[in-house]
Amino acid sequence: MPTDERLSDDQLQRIANDLRDNWHTGREVDFEEAIAFHESLPASKQFAQVLESADQPLLQPRAGVPCLEEQIDLLRYLQDEGGADLLPTTIDSYTRDNEYEKAEEGLAASRGSDENELNGFPAVNHGVEDCRRLIRALDAPVEVRHGTPDARLLAMVTLAGGFQSFEGGPISYNIPYTKRHDLATTIEHWQFVDRLCGAYTERGVTINREPFGPLTGTLVPPSIAIAVMLVEGELAATQGVRSLTLGYGQVGNLVQDVAALRALRKLGNEYLRDEVTVTTVFHEWMGGFPPDEARANGVISLGGATAAVAQPDKVITKSAQEFQGVPTKEANAAGLRTTRQLIDMMIEQDIDLGGIDEEQALIERETRALMDAIYEAGDGDVAQGVINAFDSGALDVPFAPSDAAKGAVLPARDDDGRVRIFEFADLALPDDIKEIHAARLGERAETEGRDQSFRMVADDVDAISDGKLIGRPGGDNSPAGGASDAD
Amino acid sequence: MPTDERLSDDQLQRIANDLRDNWHTGREVDFEEAIAFHESLPASKQFAQVLESADQPLLQPRAGVPCLEEQIDLLRYLQDEGGADLLPTTIDSYTRDNEYEKAEEGLAASRGSDENELNGFPAVNHGVEDCRRLIRALDAPVEVRHGTPDARLLAMVTLAGGFQSFEGGPISYNIPYTKRHDLATTIEHWQFVDRLCGAYTERGVTINREPFGPLTGTLVPPSIAIAVMLVEGELAATQGVRSLTLGYGQVGNLVQDVAALRALRKLGNEYLRDEVTVTTVFHEWMGGFPPDEARANGVISLGGATAAVAQPDKVITKSAQEFQGVPTKEANAAGLRTTRQLIDMMIEQDIDLGGIDEEQALIERETRALMDAIYEAGDGDVAQGVINAFDSGALDVPFAPSDAAKGAVLPARDDDGRVRIFEFADLALPDDIKEIHAARLGERAETEGRDQSFRMVADDVDAISDGKLIGRPGGDNSPAGGASDAD
Amino acid sequence: MTGKYMPRTVILGVIGSDAHVVGITILEQALSAAGFEVINLGVQTAQDEFVSAAKSHDAEAVLVSSLYGHARQDCEGLHDELDDAGLDVLTYVGGNLAVGQSDFEETQATFRQMGFDRVFDAETDPEEAIEMLREDLQLTTTEAEQIRVDG
Amino acid sequence: MTGKYMPRTVILGVIGSDAHVVGITILEQALSAAGFEVINLGVQTAQDEFVSAAKSHDAEAVLVSSLYGHARQDCEGLHDELDDAGLDVLTYVGGNLAVGQSDFEETQATFRQMGFDRVFDAETDPEEAIEMLREDLQLTTTEAEQIRVDG
C-alpha cells in the first residue's frame, strides 16, 4: 500500500524507463530536451503564469478530435471565435484505458474519413513532436484533460510535448470513471505523474495540476468534493507540484456554490504547504442538461452569473448542445461567449449575498471532519488514510461506479435547492451536522407533503434537465402553466 | 389644458361617436354586445384575473404580423412552444400614426405575398370580428401592445374585440415615440382610453392597463421611470381603471433593478387609490443588444435572473435575435424558455442581496421629489403638473425625441454599473441627491482616470452591445485577452 | 421455492463497458423500499456475472440496464447463457437501448425477440418497472407491502 | 464672415421620419464640448428645416443623421434646396445609410455623388467626425481648444 512519500529520482527514472516501451512514442521522450522546448515558449503559453496572474476568471472549454490539424483548427476557433483564455485537449476513451493499439486504429480510420472514429485526441499515439506542433500553432496555454486512471505514459508524452497543465488525480479519475481500478494502484500511478510534474517544476518549468472537482457530476455535496481536492492536492504537493488548481462543480444554488468556492480556496490555502500556489476552477453544471438549447443556455448563464459572484480563477464552460453529447465548435464557442457576457456584465457589480458565511462555515466544518477521519484512518498518512476511508465508507462519493468506494451516500436538495445528504451510510460526519442535513431535508419534505425518500433523490437527479432546480412532486409542468420542452 | 378629472358619460359617448367615422370598423363597435362577448370568455382568458392571481412571474413576449391567420399561428406557437403565460398583439407603425389607409394597403399587400408589408397587426383594419377570432383561437389572455399616441379608435376596436389589456399612456407613448405630439392633447386622448377601460370595468369586465415603463429604453434613471408610471397610473385611476400594471426596464445592475422594482411596487400601492390593484412588469433590457446570439442570450439570462430575485408579476422577454430586429418565432420562443429556465432554477432560492434597501430608499426619495415637483407645477392637479413639469424640465427623460420634453438630462453608470444622472439640467431633485449622484460618478471617473464627461454617456450607451455593462475607456477588449465578437 | 412472505431476489446491473451508475443506484433504492432483496452488480457487468449472480442468489428476475447505446451487442447471447445454466428467470432490459433516433417500438420488438420479458426506455419511472415486476411475479400490492414491513 | 476665435455654428438633425435620438444627443454634447455652436433640430427633421436653420443661424456645416435605412430617399434633393437658398455649407451624412448588408464603399460613393462632403457609418466615433470637421473648416486643434476656453 502506497504512503504519502516523495518518489526518489531513481524510482522516477526506473518507472519512466519501463513505461517507454508501452508504446513507441514513449521512446521519443527526452526530459532535458523537453525542458529546452518549454523554455522556448513565450510567457503567453505558460499555463501557471497566465492562470495565476489573471485578474478575473479565465474561461476554458472542453474539446478534442482525433487528428492533429483538425484539433488545431478546433482550438484556434475556440480561441478566436469563443474568446477562450485557456485551451484544452481532451483525450479519447481508448487512451484513457491505455489501449494504444485501438487508439491507433481509430486514429488511422479517422484520417481516412470525414467521421471522427475516436472521441478525443490520442496524444500518446500522436507523440511528442505532434503535441509540440499543436502547442506552437496556438496562442494560449493548453491543458491535457482526460479521465485516465493510469496516465503515466500520457503525462510523459504530453509534458514533453509542451503541455503545461494536466488534469486528474488518483481519486477524481478513478472513483467517478471506472469500476475495477483499486485506489492503491491509482495512487501509485499518480505519484509518478505528480513527481514528473515536480521534476519539471524544479527545473523552472512549472506544470499546473488540476484535480477533477466535479467527481460524479451528480449532486456531490461540496464537502466531499473539497475533501477529495485537498487529499489530491496534498499527494501532488508531496511529489513537488507547486501550481494546483482545485476544482468544484456547480450545483445550481447560488449561495451554496459561492460558499463552496470560497471554502475550497480557503481550505486549499490552509491545508496545502506554503510553497504551493492554489487556484480554483469552477465547472459549469456537470449533470444532465435540458434537451432544449434555450433552456440549456439558461443553465450555462446561471453558471456564468455564479462565476461572476464567486470569482474563481478559471471556469470550465458548457455548451447548449450538452444534452446531445459532443457539441459543434460553434455551440462550444457560443457557450464561452454566453458565459463571458454574464461575467462581463456582473463582475464589477457589488453583489453581497446573505447567508454565504453560514453556508461556508458548514462546508468547512464538514470538510475538516472528513479530513480528520482520513488522517485518522491512515495514522497520519493521507495516502493510506484515503484508501482506508473509502474502504470503510468514512469517505464516500454519491453515484460512484467504482468498487473502491461504497457509493452508499445519497444526496438530495433541501427546500432552498442546496445539496444536502439524505443517506449518510458510514460517512464520517458528526451527529450535529447530520442533524442539520436531516432538518433541512425535513423542511423540504414538509413543503412537499411527502416523506424523505430515495424518490427525492431520483427527482433531483432529473430536475435540471426537466427545467427545474428542485425535483418537486408533480414538478414536470411549470406552475404558471407554461409548456416545458424538457419533459 | 386638460385637468385630472373623470370624463362624463356624455363626453365618452360623444367622442366615441366622432371616432366611429375615422375608419369603417369603428361602426362595428357596440359596447353592450362587447360586454356580452367578454362575459362569454373563460377565466383563463381574463387578463387581470390571470395576472393578479399568479404566484410567480408570468412571461409575455412581443409579437405582431399583419394577417389574422399568421398572427394566430404565431401566438399559438409562442403559447405552446415558448410557454408564454400571457400573449401580445403588437400593432403596426401606420396604425400608431393613425394612418389606417396606409395600413389597409400594407395589409392587402401582405395578404397577396409571402412578405409581411407591415411591422405589426393592424387591429383597427381587421375590425372587431377578426379580433374576436384571434381571442377565441388562443388559450391565454392577450394584450394590445403598440406605441400609439392617439390610441382611441384602436382601444374602441380591440376592447370590443375581446382584448383585456392595453399598453401605453399619454407620457410613455408620447415622449419616447414621437416628436411633435403635444402632451396636453395626448393626455386628453388617453383620458378617453382610460375612461373606456373604466366603463368596461364598471360593468364587471376588468380591463388591465399597462403604462410603458422603459420609456426611451436607454439608461433611464429608475426614479424618472417610476414617476412617469405613477402619473399615468393616477390619470388612469381617475378615469376608473382598476387593474394597473406599472412597468420598469432592466438597466442590468442586479441590485438597482431589484431595488427599482420594489420601489415601483411600493410607491404604486402608496400613490394609487386603494381600489386599484397594482401589479408590476419587468422588461428585459431594452437598449442595444450584442450582435451575437450567444452574448445576447447572456443579456436575456441576466434579465431572467433579476426577475427570479425581484419577482415582478410579469416579465416581457427578449430574443437573442434582438440585434437584427424582429425575431423569428423560434428565437422568440427560445427567449421565453431561457428566461423561464433562470426563473425556475432560481425562484425558490433564498437570495438576499446586500444594499437593496439603501438603493430602494434613494430611488424612493428621488421619485417623491419628482412627484412633489409635478403636483406643485399643477397646483395639485397631476395632469397640468406633468405638462408644466416637462415644459420646465423639472421632469425630463434622457434621449427623448419629443419636443414636449427637454431631453436635456443625461445618465451615466457609476463604478458599480448603476445608472446615475450625469447632467441634471432642470430636473427637480434636491441638492443632496445630486451630490450623491455626482459622488458616485466621481468614483467611476477616478477608477477610469478620466473626467466625468459626455464620453462616459456615449460609452455606456454602447456598452452592453459591446459585451460589457460599464463603458470603460479601452473597454472594447476583454481584460483577459478574449476576443469579443461584439466589436 | 419462494415462500409467500419471503423477499423476492432480483439481480441488477449495467451491462457491457457502460459506466452509468445513477439510474441503477436509484432503481436499487426503489426496489429495496418496495420490499425486494436486491443484488446490485453495479456498472460494467459482464453477461456471466449476471448469470452466476442469478444462480447463486436464487434470483427471480434479472434487470439489465444500458445507457450508452450498445445494448444489443452487449446482450447478444445472454439468454443462451441463462438457459445453459438451467435458469428460468424473468429478464427486463431498460435504458437508451439504441444509438440515435430509432423508433422505440422497433427497439422493443428487437429486444423481445432476444428473450427479454419487458423492455423499457430511459424515461421509465422506477415505480413503473416495479409495478410490472409485481405483476409478472404475481405479487399483490398488499403482499409486497407486507414484505416490506416484515423485511 | 467667421472671426478667427468665434464659435463655428453647425446644424444637426435626424432626417425624415426617423426617431433615433441617442446618436445626435451624444454628437451634440461632443460638438459643444469641442467648442462648436450647435443647433440641434432633433429627430424627424424635414429637408427645409435643415435649410432654413442653416440660413438663419449662418451655419458652416449641416450634419445629417439617419439610422432607419431610408437615408437615400430622405436626402434626395437636399443639396438642390441648399443651392436654391444660396448656401454653400459643408454637408456630412452618417448612420445606417442603407437597408441590409450593402457594401459601405458603394454607399459612400452614392452619397458623395448626391453632394455630401463626407459620409460616415454608424460605428464612427463623434471624435472622428469632429476631427474631420476641424480639418474641413481649417481649424487647428489649438484654435478649437481656444474656442472652447473662451466659449
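Chains: A, B, C and D, in written order; residue numbering restarts at 1 for each.
Operating definition for what follows: a residue touches a chain if its C-beta (ideal position, glycine included) is under 8 Å from a C-beta of that chain, and two chains touch if they have at least 3 such contacts.
Just so you know, these numbers come straight off a predicted model, no measurement behind them.
Engineer: Express in whole angstrom the distance between the two chain centres, defined as the mean CA positions of chain A and chain D.
Structural biologist: 57
Engineer: What is the distance, in whole Å, between the centres of chain A and chain B, each centre taken as the mean of its C-alpha atoms?
Structural biologist: Using C-alpha averages as centres, the distance is 45 Å.
Engineer: Where the CA atoms of chain C average out and where those of chain D average out, how many Å apart are those spots?
Structural biologist: Computed value for the inter-centroid distance: 78 Å.
Engineer: Would you kindly tell me how far, in whole Å, the mean C-alpha position of chain D lies from that of chain B?
Structural biologist: Computed from C-alpha means, the inter-chain centre distance equals 33 Å.
Engineer: If every chain is a node and every touching pair an edge, decide which shape results: line, ring, star, complete or other.
Structural biologist: Chain contacts: open path, no cycle.
Engineer: Name the touching chain pairs, would you?
Structural biologist: According to the stated criterion, the contacting chain pairs are A-B, A-C, B-D.
Engineer: Write out the stretch or stretches of chain A touching chain C in their complex.
Structural biologist: 177-180, 216, 218, 398-401, 403, 407, 410, 453-455, 457-458, 461
Engineer: What residues on chain C touch chain A, complex-wise?
Structural biologist: Interface residues on chain C, with respect to chain A: 19-22, 25-26, 29-30, 33, 42-44, 126.
Engineer: Tell me, which parts of chain B touch chain A in their complex?
Structural biologist: 54-59, 79-85, 252-255, 290, 292-299, 301-302, 304-305, 333-342, 344-346, 348-355, 415-417, 464, 467-470, 478-485
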